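Every chain is named by a letter (A, B, C and D) in the order it is written, and numbering of its residues begins at 1.
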Amino acid sequence: MDAFKNWVARTGMGSVLVLALVIMVVFPLTMDIFRLNLVGKYLTYAFVAVGLVMLWGYGGILSLGQGCFFGLGGYMMAMFLKLEASDPESTKIQSTPGIPDFMDWNQITELPFWWEPFNHLPLALIAVVLVPMVLAFIISFAMFKRRVGGVYFAIITQAVALILTVLIIGQQGYTGGVNGITDLKTLLGWDIRDDSSKYVLYFVNAALLIGVILLCRWIQMSKLGTLLLAMRDKEDRVRFSGYDVAMFKVFVFVLAAGISAIGGAMFTLQVGFMSPSFVGIVPSIEMVIFAAVGGRMSLVGAVYGALLVNAGKTYFSESAPDLWLFLMAALFIGVVLAFPNGLAGLYESHVKPWFSRRKSVAKPAASAGEPPAPPSAPTHKSAPPAALPGGVQGQSA
Amino acid sequence: MSNTDFVLAIEDLTVSFDGFKAIDALTLYVDRGELRVIIGPNGAGKTTLLDLICGKTKASGGSIKFKNVEMTKLQEHKIVRAGIGRKFQTPSIYENLSVFKNLEVSFPRGRSVLGALGFRCTDEVKARVQSVADEIGLGDALDTEAGLLSHGQKQWLEIGMLLMQEPELLMLDEPIAGMSVRERELTAELLQRICKGRSVIVIEHDMDFVKRIAHKVTVMHQGKILAEGSMDKVQNDPKVIDVYLGH
Amino acid sequence: MSFDEIYNIALMQGFAGLSLFSVLLLMGLGLAIIFGQMGVINMAHGEFMTIGAYTIFMFSSLTETYAPGLVQAYFPIAIVAAFFIAFAFGWLTEWALIRHLYKRPLDTLLATWGLSLGMQQVFRSTFGPKEVSPTLPEWLMGSWAPSEGLDIPINGLFVLGLTAVVTGGVLLALYKSRWGLRVRATVANRAMANATGINTKRTDRLTFAIGCGIAGVAGAAFTTIGSTGPTSGSLYIVDAFLVVTFGGAASLLGTVASAFGIAQTQSIAEFFLTGSMAKVLTLLLIVTILMIRPQGLFASKIRR
Amino acid sequence: MADKKDTIPAPLTDEQRRKVLLGMAAAPALMVPGVSFGNAQFPTAKVNTTKLAVTDTEVIVGQLHSATGTMAISETGSIQAEQLAIDQINAMGGILGRKIKVIKEDGASDWPTFAEKSKKLLVNDKVACVFGCWTSASRKAVLPVFEKENGLLYYPTFYEGLEQSKNVIYTGQEATQQIIWGLDWASKEKKAKTYFLVGSDYIWPRTSMKIARKHIESVGKLGKVVGEEYYPLGHTNFNSLINKIKVAKPDCIFAAVVGGSNVAFYKQLKAAGITGVKQFLLTLSVTEDEMLGVGGENFAGFYSSMKYFQSLDNANNKAFVEAFKKAYGPKSVIGDVTQAGYLGPWLWKAAVEKAGSFDVDKVVAASPGIELKSAPEGYVKVHENHHLWSKARIAQGQPDGTFKVVAESADLIEPNPFPKGYQ
């Protein structure tokens, strides 16, 4: 039992368990399917935020183009679903039945060859993860090998997001243009719009998210995780310890891209369409704020961040749409100025000490770190050397 | 040129920044097991020379051969893997990580991406970390966060991190800068211990310290070698005196 | 098509490139100062341009209401006012926000993005969500036709001239004035500059405010060629960053060269390709070149 | 119906007045005979068999537009017009004795938000119908939701066609209604033989230009297309395009540029010497709303093809304009889409009253054939395909930013969202 307790404390698994409990049990029990589906949608953004924790929090690389990968993953999934929805029977009013409606509107008379693989689910699923990762590899390999970093990398990823958006919108015969790929109905004959399927998809999504968090946690705890932190601190030292720093950055960028793509695919499945408005710069930056609000060093925090910001957006845009943008602005500024470690940082600096105080009163010999801690034990210093709100010193590993 | 017995053979090395020749047709040989100290006034090109050897700066011309393998075209991490370790002027350690982690990360295994993912901290690694930590006097401080160490301890830690890699050529840029007298003595002893079985290049200004450790001294000035030989010899070289006192 | 026509089209197309160049340069200039000299990523740059644009709108409305006779003359005054209003807001922004973030460029990016959202909503609440159209003086409209079939847009000439003046002014200020000296010293070595008695905090604030002021001038000038609305400024922001990055952030001349290169590429590509593909091509070219040469066109060489 | 007792006595006089008003409103579909006692005649259980948010005194509808974000520029007019129509209907006593209550949702110019909000309106709020959407993308995003939940959407924007849903009534023009008659007019009145097509790069301009090209080159045989160009949304520099136009020397520039680009396009055209005096230009995308940003002086002399202009000279329109300005200020303007938005609530009212029920299926079934003689644009009728029969009009921009109507189709033009021969 003690061994288990130690393992939980060491790996930060407690917070992951709490999160799993919240999204797999508490939400489904307390929400109707409409709200739950909304939460499911927010959780797909959480994938991007989790990827950003790895990329930005651990790797110190800020990408403003994560929407690209989220969108690509979503598009790959949407392409499969669209082909399934475009069987000759249901598209018989078109001049070329059997191809997606937007192709027909653009005088395309046969399916482009690169759409063909999306007739098969296994190929499509592979493409969901692979295509964004390959793109991420191409971008990042070229840049990191040449030591492009920091702000420049952020600006270039932004340009990439812009290029992809313009391309998708411009090539509407092949991509559905600005409307995106809409009216998706079934997955291998299974109606994804039913309430029952929405439940299933929600749980698949939640399970995938927990899986991704565990994977990332495992990576953080491996030597690679240590190296990422080391690189963020003293990149040259890592390089002159015999590591190919660029490849580690490429790895974490590709990893974040793959994770985002899974989120995108789950988004398509749960929401029923995909459009270029997720590929562009604005959604990409918004996704960064999810991670920032949750705490850029905390995987679990990123999920809460995504949930909180989106819930806030839904709530405030209903009750006070004008106020919403001000609130969003305040969120961006506040999280940077006052809480650089986001929710997780607040938890570490305020909630946790309070817990321990209560504990130590009740049970003087209580070991530290027993309440679920965000899984970022050794490194609760913010990336930048600037001042922190007090009390976030990391304990020894 | 043909192969040599030297561990490091630098010939005709040149680098220029915007026309300014920081290193000018420099030739330098370092023996196996030798502890070489490079001295010279500020701006002589000492640090640039180390940068060139470890690949941080790319040479404009000339050759650097390490164990008869050309290094000038290699990427930094390949040079390190070939067996060259380098300590920076200001202590360059991972302040957020514990001493143990600092040393563990420097262990020369699991250096590829997948290797790092699969790397396990075995008993062998732990034993090695412990022995190096003992060597640098941090054997009791393994769990301390590196940022909390004293300045001197940080310098030692960085040397320890290099020792973890078991380099055949170790380059130290001002290892005793900012150290107390006692720490300097300890460092001198450390250097004498670690130069067994490997070559060491040290850049240093402190002449007492140099005298104490150097096998051979090279004096650099304006990107060139001004004098080379034993400490006594270079100290009495009129050119050297001129450079150090003349302006 | 006759030779004359081809000649005229070539001239006008050349001017089109020149005019795009001046637009890119004018919007990049303020950013080049803020980003290039200070290393601050100001994502709200577009909104400072919008401040300039709305300044023109306010001036034109006021002039029309209270002094209709001066409609022909208000514009230059309004541009100067646009500079000072944007300057004042920039000063305020630096004091309230930017100065806390100098060591954290990526965080500045997020904070200023938040700022831009807030500013957009302020514009929307103040001026309404719809676009507005300031009344421009007659002399700024239409074209100058030196010969038959040759039309040179007057607003293009105006923007070109203004860009020349502003660029010259900035270069002069940066390399000849006390402020410029302080800025360059601060950029080179903040601690040293501080030690020699330069008030680096004040220099920062002034620099940021001047960058914002120039954004305001750009926004004001663009009312002659583009739209004025709450989100108008955001149309320019990505292009502006690319111009500055592509030029090599720390070099003003680089910004000039990069604006010229991008403008010519895009305007020639647009003439021969469709608009969307020209845009994609230009962006791809920039990104590729930046991948090969990450320091941009003009980079100062220093020992790393 | 015990709760009836509380509600009937007080509003009774209102009910009687409403009856009179209803008669005056000349809602032609109103076939309900005899004197009514409002809800007694239309008991909730009868008019609402599908659990919509309809009580004895109230019916809840949704309004789903972008109040924030980039599209707020365009959608504000629709929001205002729909609200105005609803207020007017309420002032006349409501529908089937029930006041309309609106739940406003903000789509925030973000398509998934539209989908999310439409679902909320239909599933949580159980609204009887929704007035909303502006862009095609937002409509495409909500369409599956409306079809799945069997909601009813009144969509006000002129759009590309190629769509016909049981759950949508399209109160704007589909592409052919806006394009074909206008091109024929250009060919006949302006003797245009060569056309240069230019649009923003997305589905509506592209589909519109496709139809235009087909009509110019094969169906209508008006002449030939000498150029076709698309620019990304938000593009602000059109000098190269203008030079291309100068090279091509078209008789007619046929334009569908939108948003911030629109303003830049006209300002730069004018600056390049292409003005209404020298060049014939016909656009599908400049209404009174866009004119605010473009500025009258930049558009003077150019022509716009719409079904409605604020300056239309008829009694319906005069009343409408007056009511609109009273509600939203004397400076407010009314564009084509704003008017189409205004039609939505009235068409719904007529259909509900014809069906005698709020049930979506019954209202949809009752909709084809509904006529609205009181429409500001004149007379409109709902087609079997859920689009409106309406007239086409061409107006010329004036320096003061208004439009002067110069031509009007003689008959109502049949909506044809899937035009044969134009695919």
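Some notes on this structure:
One rule holds for everything that comes next: contacts are C-beta pairs under 8 Å (C-beta built on N, C-alpha and C of every residue); 3 or more make two chains touch, one makes a residue touch a chain.
These numbers come from a predicted model, not from an experiment.
Chains touching both chain C and chain D: A.
Separation of chain A from chain C in touch steps, taking the shortest path, is 1. Farthest from chain A, judged by the mean position of CA atoms in each chain, is B. With centres taken as mean C-alpha coordinates, the chain found closest to the middle of all protein C-alpha atoms is A.
A separation of 76 Å divides the Cα centre of chain B from that of chain D.
Averaging C-alpha coordinates per chain places the centre of chain A 38 Å away from that of chain D.
The distance from the centre of chain A to the centre of chain B, each centre being the mean of the chain's C-alpha atoms, comes to 43 Å. Distance from the chain B centre to the chain C centre is 48 Å, each centre being the mean of its Cα atoms.
Contact of a single residue of chain D with at least two other chains is seen at positions 67-68, 201, 230, 232.
For chain C, residues that reach two or more other chains under the stated contact definition are 121, 124, 274, 276, 279. Shared interface positions of chain A, i.e. residues touching 2 or more other chains, are given as 166, 169-170, 322, 325.
Within the complex formed with chain D, the chain C residues making contact are 1, 5, 9, 12-13, 15-16, 19-20, 23, 121, 124, 128-136, 141-143, 145, 149, 151, 153-156, 222, 224-232, 235-236, 266-268, 270-271, 274-276, 278-279. Those residues of chain B lying in contact with chain A across their complex are 54, 56, 75-77, 80-81, 85-86, 88, 92-98, 100-101, 104-106, 108, 110-113, 116-119, 121, 143-145, 158, 161, 165. Chain contact summary for the complex, chain C toward chain A: residues 39, 41, 97, 100-101, 103-111, 113-115, 117-118, 120-121, 124-125, 238, 241-242, 245, 249, 274, 276-277, 279-280, 283-284, 286-287, 290-292, 294. Those residues of chain A lying in contact with chain C across their complex are 56, 62, 64, 142-143, 146-148, 150-152, 154-156, 158-160, 162-163, 166-167, 169-170, 281, 285, 288-289, 292, 322, 325-326, 328-333, 335-337, 340, 384-386.
Contacts from chain D toward chain C in the complex involve residues 67-68, 70, 72-73, 76, 201, 229-232, 234-237, 239-244, 246-247, 259-260, 262-264, 267-268, 270-275, 289-290, 292-295, 297-298.
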